[in-house]
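Shared between the two complexes below is subunit A, which pairs with subunit B and subunit C, respectively.
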Partner chain A sequence: MEASTVLQSLISGLTLGCIYAALGLGLFVVYGVTRVLNLAQGEFVMLGGMLTVSFCSMGVPLLGAIVLAVIVTIISGAALYLLVIRPAKNASGSTLAFLTVGFAYAIEGTTLLVWGWEYHSLTNFLGSSSIHLWGATIFGQAPWVVGMTVLMVVGLFFFFGRTMVGKALRACADEPLGARSVGISIEKMALLSFMLAAGLGAVAGATITPLTMTAYNVGMPLTIKGLLAAFLGGIHRAEGVILGGLLVGLAEALSAGLMPTGYHDAIALGILLVVFLSRPQGLLPARSGAG
Partner chain B sequence: MSPIVDKAKQRAARLVPMPRVPRAALILLVVIALLPVTDSAYLLSILIKIGLHAVIGMGLILLTGLAGQVSLGQGVFYGTGAYVSALLCLRFGISPWLAMPLAAAASGLLAAPIGRAILRLKGIIVAGVTLTVNLIFFYLVVSVSDLTGGATGLSQIPRFEYPKFMSYTTFVFYAVWLLVILCLVLTTNLVASRVGRALKSVNVLGIGTEDTPQVLGIDVMHFKVAAYVGAAVFAGIAGSVYAHHISVIEPHTFSVQTSVLVAIMVVLGGVTNPWGAIVGSALIVGLTELLREVAPIILGGPTGSYELVAYGVVLVLTLLFLPDGLCSLPARIQEWKRGRRL
Partner chain C sequence: MRRLGLVFCCVALLVVGAAGCASGGGDTYKVGYLASQTGPYTALGLASTEGAQLAVKQINDAGGINGKQIELVLIDDKGTATDTALGAQKLVEVEEVLTLASATATALSHSVIPVLNDNETPGVIISGTGLIMDQLGAWTFKPSSCEFDYIPLPLKYLRDDMGATTIATMIENSGYGEGGEHYLSSIAAEMGMEVIETQHYDPAATDMTPQLANVKASGADSMFIWGSGPAGALAIKQAREMGIMIPITTTPAQSSFRYYDAFGEFYEMDPAPACLDNKPAIWPQLDDSDPDKAMCQKFEEDFNAANGRIPGIYEAIGASFVWFIADGLERADPDLGDLSKARSQLRDAYEETEDLSVIIGTYTMSPDNHYGRVVPKEVLVSFKDGEKVLVRTHYD
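On to the complex of A and B.
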C-alpha cells in the first residue's frame, strides 16, 4: 500500500465527505424544526445541478445561473411544504416521510420529462487544472466543494446563533409550544426550514456537478448517503451531521482505495452500519435539555 | 347424538378455531379461475407481476400494518429468495418445487439476525437502516459474481414442472394467484389471532406503545422480529416464483428502487388491510404498464418519466385525502353518508 494511495483516498474522502455533510445539513435543518425526515433532499441537490447546467447553456454567466437555480429550487422547497407537508396535519412521521418520497418521484419524473435521461456536467468553476501533490491528484473542483461546505457550516452557525430568525427556528426545534406562546409562527418557521434546506441543496448541487455530473436519477442515492451521514453522526446536532458526513465519505474513499475492488462499496457501508448500530443515538447525541 | 357429545364438540371448536376464509377471498378465487380465458401472454405476465408484488406487500402488512415497523428493504429478501432458489436448481439440479420452500426458509433465516440488530431502533430510523441494508445487499450481489453472475445476473433458471395442457404463463398465473389467496387468508387469520393482537399492541404507529405490552409480559422484540421474519418469508417465496417464472434474474430487480416501490404500494392500498397489498400492487403495476407503453406514444417524451410523476402525484394525493389508504375508501364513503343523514 503506497502512501500516495492513502493520500489520494483521504483527499477524495474529504471531498465526498463534504458533499454528504452538505446533504446531511439539509436533512438536519428540516428534521430539527419540523421532525419531518425529508427524503426529497437529494432531489434539491439534483435540481440545483440540473438548473445551473440549464441556465448556463442559455448563456447566463455561471454565478447568475447558480443564483437563478437556487431561487427556483427554493420555490420547489416551498412547494413541498405548502402543497404536500402542511396539508397533512397530524400525520405520523412515516406518513410524512412517504409524502416526501412522493414529491421526490414527482420531481424526478418531471426532470426526466424536461431534460431527458442524459448525464450533464459543468466546467470547473475556475479553470480545469488539477493540482498534483506527492503523487495524489486534487481535481480542480474539489477545493470549491470543500469551501462550499465550510461556508455553509459557518453560515448556518452564524444564522442559528446570531440572527433573530435563526434563533426563532431553534426555538421551534427545541420547544414548539413555548415558541408558539412567545409569538413565533410555527408554520412560517417550518416553511422557512424547507426553503433553507432547498437552498442549501441547490448550492451543493451546483458546486458538485463539475465533479460528479448530474442526471434526473442522482437524487435518491444522494438522499440515502445524507441519511446515513445524519444518523451516524446524530441528526439532532449540526456538528454530528458534519462528522457523520466526513466519516461516510472517508469510509467510502478509503475502502475504494485499500479494499479489494468490487467489494469496497459493501464493506464501507457495512462498517458504517455496524458503527451506527453500536451507537444508534448517533456519535454526537443530542445534548440533554436543549437540542 | 347426545347433548354431551354436542357440547364437547362445541368446546373443541372453540379451542381450535376454524381458519376463517373471508368471503371476498373466495370471490377472488372464482374470478381468477375464470380469468385466463384470454390467454394473452402479455396480460397474464402483468397479472403475475401484480400478484408477486402483492405477496411481498402482504409481508409488509404484517410488518408495518400489524407490528408498526416501516421497511424500505424488502428487496433483500425478494432477492435472496430468487437467487437461492435459482442457484439451488442450477448448481444442484433440484426441482424448483423443492427449491421454493428452501429459498423462503433462507430468506427467513437471513431476516432473523438482521431483524434482531435493527429492530432495537425506534421510529422512522428503522426505515433508513433497511434502506442501507438493501444497498449493501445490492453491492454484494453485484460483487460476488462467481456465485451470482454479478451485474448480468443468472439465466436459464429451470421452470417449475407443470401440467402440459396449459401454457407455462397460464400455469404461473394460477400458481401466483393461489399463493396470493393463501397469503390473504393467512394474514387475515393472523390479524384476528392471539399473535395478531400481540403484534397490534406493539404497533407504535397505531394504538400500541412499546412499554405497555412489556408490562403485560409480551416480549416486544420477539414479536417484532417474528413479523420481520414473516415478511421476509413472504418476499422470499415471491422471489423464488419470480426466478422460475422469467428464468433470468439480475440484481437491479432487487434494488432499493423496487423496495421503495413495494412500500409505496402497501401505503397506497392501506397498511392495516391485507387487501391493501393487492389494491396497491394492481394500481402501481397497472399505472406503470399503462404509462410506460401508452403515454410516450401519445404525449412524446422519454419512456419512464410519466410513471414517476404519476407515482408521486398518486402517493401524495392518497396520503393527503385517504391517509389509511385506498382500502379505507368504502368506510370513508359510509361515514360521509351517515354524516349527511344526520
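On to the complex of A and C.
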C-alpha cells in the first residue's frame, strides 16, 4: 500500500467529513430546538448550490451570488416551518419527519422544473490550482470546505453560548415550559432554527458545489449522510455531529482507497452499524442542560 | 328478464371496450417505453425518451406503420430496478402494450427480462453488457451494444495513437461496470495490453481521489473510466486536478455536453479524454463514403430542430429502438384483435430482422440470437474549443 494513497484517503475523508458535518449541524440546529428531524436539510444544501450557480450565471459576483442564494434558501426554510411544521405542530415526531420528506420532494420537483436535470458546477473560489503534498493532492476548493465547517462550528458555539437569542434557542430545547414562562416565544425560536439550518445548508451548498457538482436530485443522499453523521456522533451535541461527520467521511474514503473492492460503501456502512449497535445513543450522548 | 338483458349489454360493452383498448383499439400500435424521468439516471432516461419521441413523431407524420400510428406509453422507471420491473408489469398487464423498451441503464433493463418472458411479450432492452446474452430468453431482444463490440475502439486509440501498453480502470459499481471490468481485461490481453490496476466507484460518488491515488501509484500509462453516471465525468476532473495526465478513454455517458459544460477546462487538457460516442454528434466529420452519414445528418438536424441541441448517444439509442420496433411491426402486421397472437407475431418478426441499419448498429436477429449486432457504429470523440472532434472510428 502506497503512503500517498493513505494520505490521499485521509485528505479525502477529512473533506467529505466536513461536508457531512455541515449537513449534520443543520440537522442538529433544528432537532436541538424543535425535536423535529428535518429530512429536507439536504435540499437546502442543493438549493444553495443551484441558486449560487444561477446567480453567478446572471453576472452576479460570487460573494453576492452566495448571499442571495442564502437569503432565498432561508426563505424556503421559513416556508418549511410556517407552511408544513407549524400547522401540524401537535403531530408526533415521526409524522413531522415524514412531512419534511414531503417538503423535500416538493423542493426537488420544483428544482427539476425550474433548472432541468442537468448537472451544474462552479469554478473554485480561488481558481483551480491544487496543492500537491507528498504524492497526495488537496483540491483548491477543499480548504474552503474545511474552513466553512470550522466557521460554522465556531459561529454556532458563539451563537448558542454567548448571544441572548442563542441562549433562548437552547432554553426552548432544554426546558420549553420554563422558556415559555420567561416570555420566550417557542414558535419564533422554532422558526428561527429552521431559517438558521436553511442558511447553514445554503452556505454549505455553495461551498461544496465546485467540488462535487450539483443537480436537482443531490439533496436526499446528502441528508442521509448528514443523518449518519448526526446519529453516529450524537445529534444532541454539536461536537458529536462533527465527530460523526468526520468518522463517516474517513470510513468512506479509507475503505474506497485501501480496499480493492466494489463494496466500500457497504464496508463503511457496516462499520457504522457496529457503532450504532454498541452505542445507540451515539458516541457523544446528550448531557443535561446542553444545547 | 329485462335486468338480465341490461347486465348482458353491460358485459358486452365492457368486453368490446376492453378489446378496443388493448394495444390501441385497432388504430394504433401501443408501445411501452420505460425510462428514467426522475432518479439518479434522469439525464440518460430523458435523453433516450427524447430520441424515441422524435422517431415516433417522424414515423407517425409519415403515415405510421401499416396505416396505423404508434402510441408511445411512457412510464418513469425512477432509476430503480424495482420500479422498472413494476413499470414493465403495468405496461404488459394494464396498458396491454404490444411490445416495450427499457431504455435507461443496464441494471434496470435486466429487471424487465423475467416480466417479458413470463408474460410472453416481446421487448427490447438497453443492456450494455454481454454477460446477459444467455439469459435473454425467448421474448427479450437486445438491439443495443455489448462491451466486446466497442472496447477494441478505445483500446486501439490508447495502443496505436497514444503508445500505451498498460491500463488502469475506474469501474462504476453497477451491472454495467461489472460487464466492463470482465471484458476489458480479456480484450486488452488479446490486443497485447494489460490492465494493471482496477478501482471501483459509486455512481453517485463525489470524491474519487483515494481510487485515483491508486491509479497514479500503479504507474499505468493510460486510464479507462467506465460508468454511466455523473461520477465518471467528475473522475476526469479530479484526475486532471491531481496531475494524472495520462491518456483517458471513457464510456459514452462522459461524452455528454452536460458534463463538458460543467468541466470543459478539464475535458480540453492535453491529452483530451477520448469518449465513446455516436455518429450523429459528429456527422459532418464523417467520411463521405460512410454509409450512415446521411441517416446521421438527418437525425441530428431533426433532433436539433425539435430540441435545440445536438443529440448524444442515448438519444440515438431511443430513436434506434423505435426504428427496430417499427421494422418488426411493419413486417409482422400483427392481428390487433388478439393481443396474445399479435405479440407472438411481433416476436417472430423481431427474430427475422435482417441487416437493419440504425444509428447505433446494424442488426440481423434469429431465434438463437437476440443480439444480432453485425456492424458496430460507435466513434471516439474528444472536445476542442467547445466542439466535439472525431478521434477514431471502428475502421480507422
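Here is the rule we go by: the second predicted complex is superposed on the first by the 287 of 291 C-alpha atoms of A that agree within 3 Å, B and C clash if a C-alpha of one lies under 4 Å from a C-alpha of the other, contacts with A are read in each partner's own complex, and residues count from 1 in each chain.
Convention: a residue touches a chain if its C-beta (ideal position, glycine included) is under 8 Å from a C-beta of that chain, and two chains touch if they have at least 3 such contacts.
Being a predicted model, the structure only gives us computed values, none of them experimental.
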- [ ] Identify whether subunit B and subunit C fit side by side or clash on subunit A in the overlaid structures.
- [x] clash
TODO: Using the superposition on chain A described above, determine whether A:V60 touches subunit B (first), subunit C (second), both, or neither.
DONE: neither
TODO: For A:L112, select first, second, both or neither according to whether it touches subunit B, subunit C, the two together, or no partner.
DONE: both
- [ ] Quick one: classify A:L283 as touching subunit B (first), subunit C (second), both or neither.
- [x] neither
Open item on the list: With both complexes overlaid on chain A, does A:T5 touch subunit B (first), subunit C (second), both or neither?
Closed with: second
Task: Which of subunit B and subunit C A:A91 touches, first, second, both or neither - done: first
- [ ] Based on the superposed arrangement, let me know which partner A:I271 touches: subunit B (first), subunit C (second), both, or neither?
- [x] neither
Open item on the list: Contact-wise, after the overlay, does A:A79 reach subunit B, subunit C, both or neither (first, second, both, neither)?
Closed with: neither
Open item on the list: For the superposed three-chain arrangement, which subunit C stretch in 25-33, 43-51 or 79-87 runs into subunit B?
Closed with: 79-87
TODO: Take the contacts of subunit A with subunit B and those with subunit C, and give the residues found in both.
DONE: 112, 117, 262-263, 265
Task: In the complex, subunit B residues that touch subunit A - done: 70, 117-118, 120-121, 123-125, 127-129, 131-133, 135-136, 139-140, 142-143, 145, 205, 256-257, 260, 263-264, 267, 301-302, 304-316, 319-320, 323
Task: Residue ranges of subunit A in contact with subunit B within the complex - done: 37, 83-84, 87-88, 91-95, 97-99, 101-110, 112-113, 116-117, 220, 224, 227-228, 231, 262-263, 265-266, 269-270, 272-273, 276-277, 280
TODO: Write out the stretch or stretches of subunit C touching subunit A in their complex.
DONE: 38-40, 42-43, 46, 171, 173, 177, 198-202, 204-214, 216-217, 230, 233-234, 238, 241-243, 258-259, 261-263, 265
Task: Complex interface listing, subunit A residues touching subunit C - done: 2, 4-5, 7-9, 11-12, 15-16, 112, 117-121, 128, 130, 132, 135-137, 139-140, 211-213, 215, 217, 221, 253-254, 256-258, 260-265
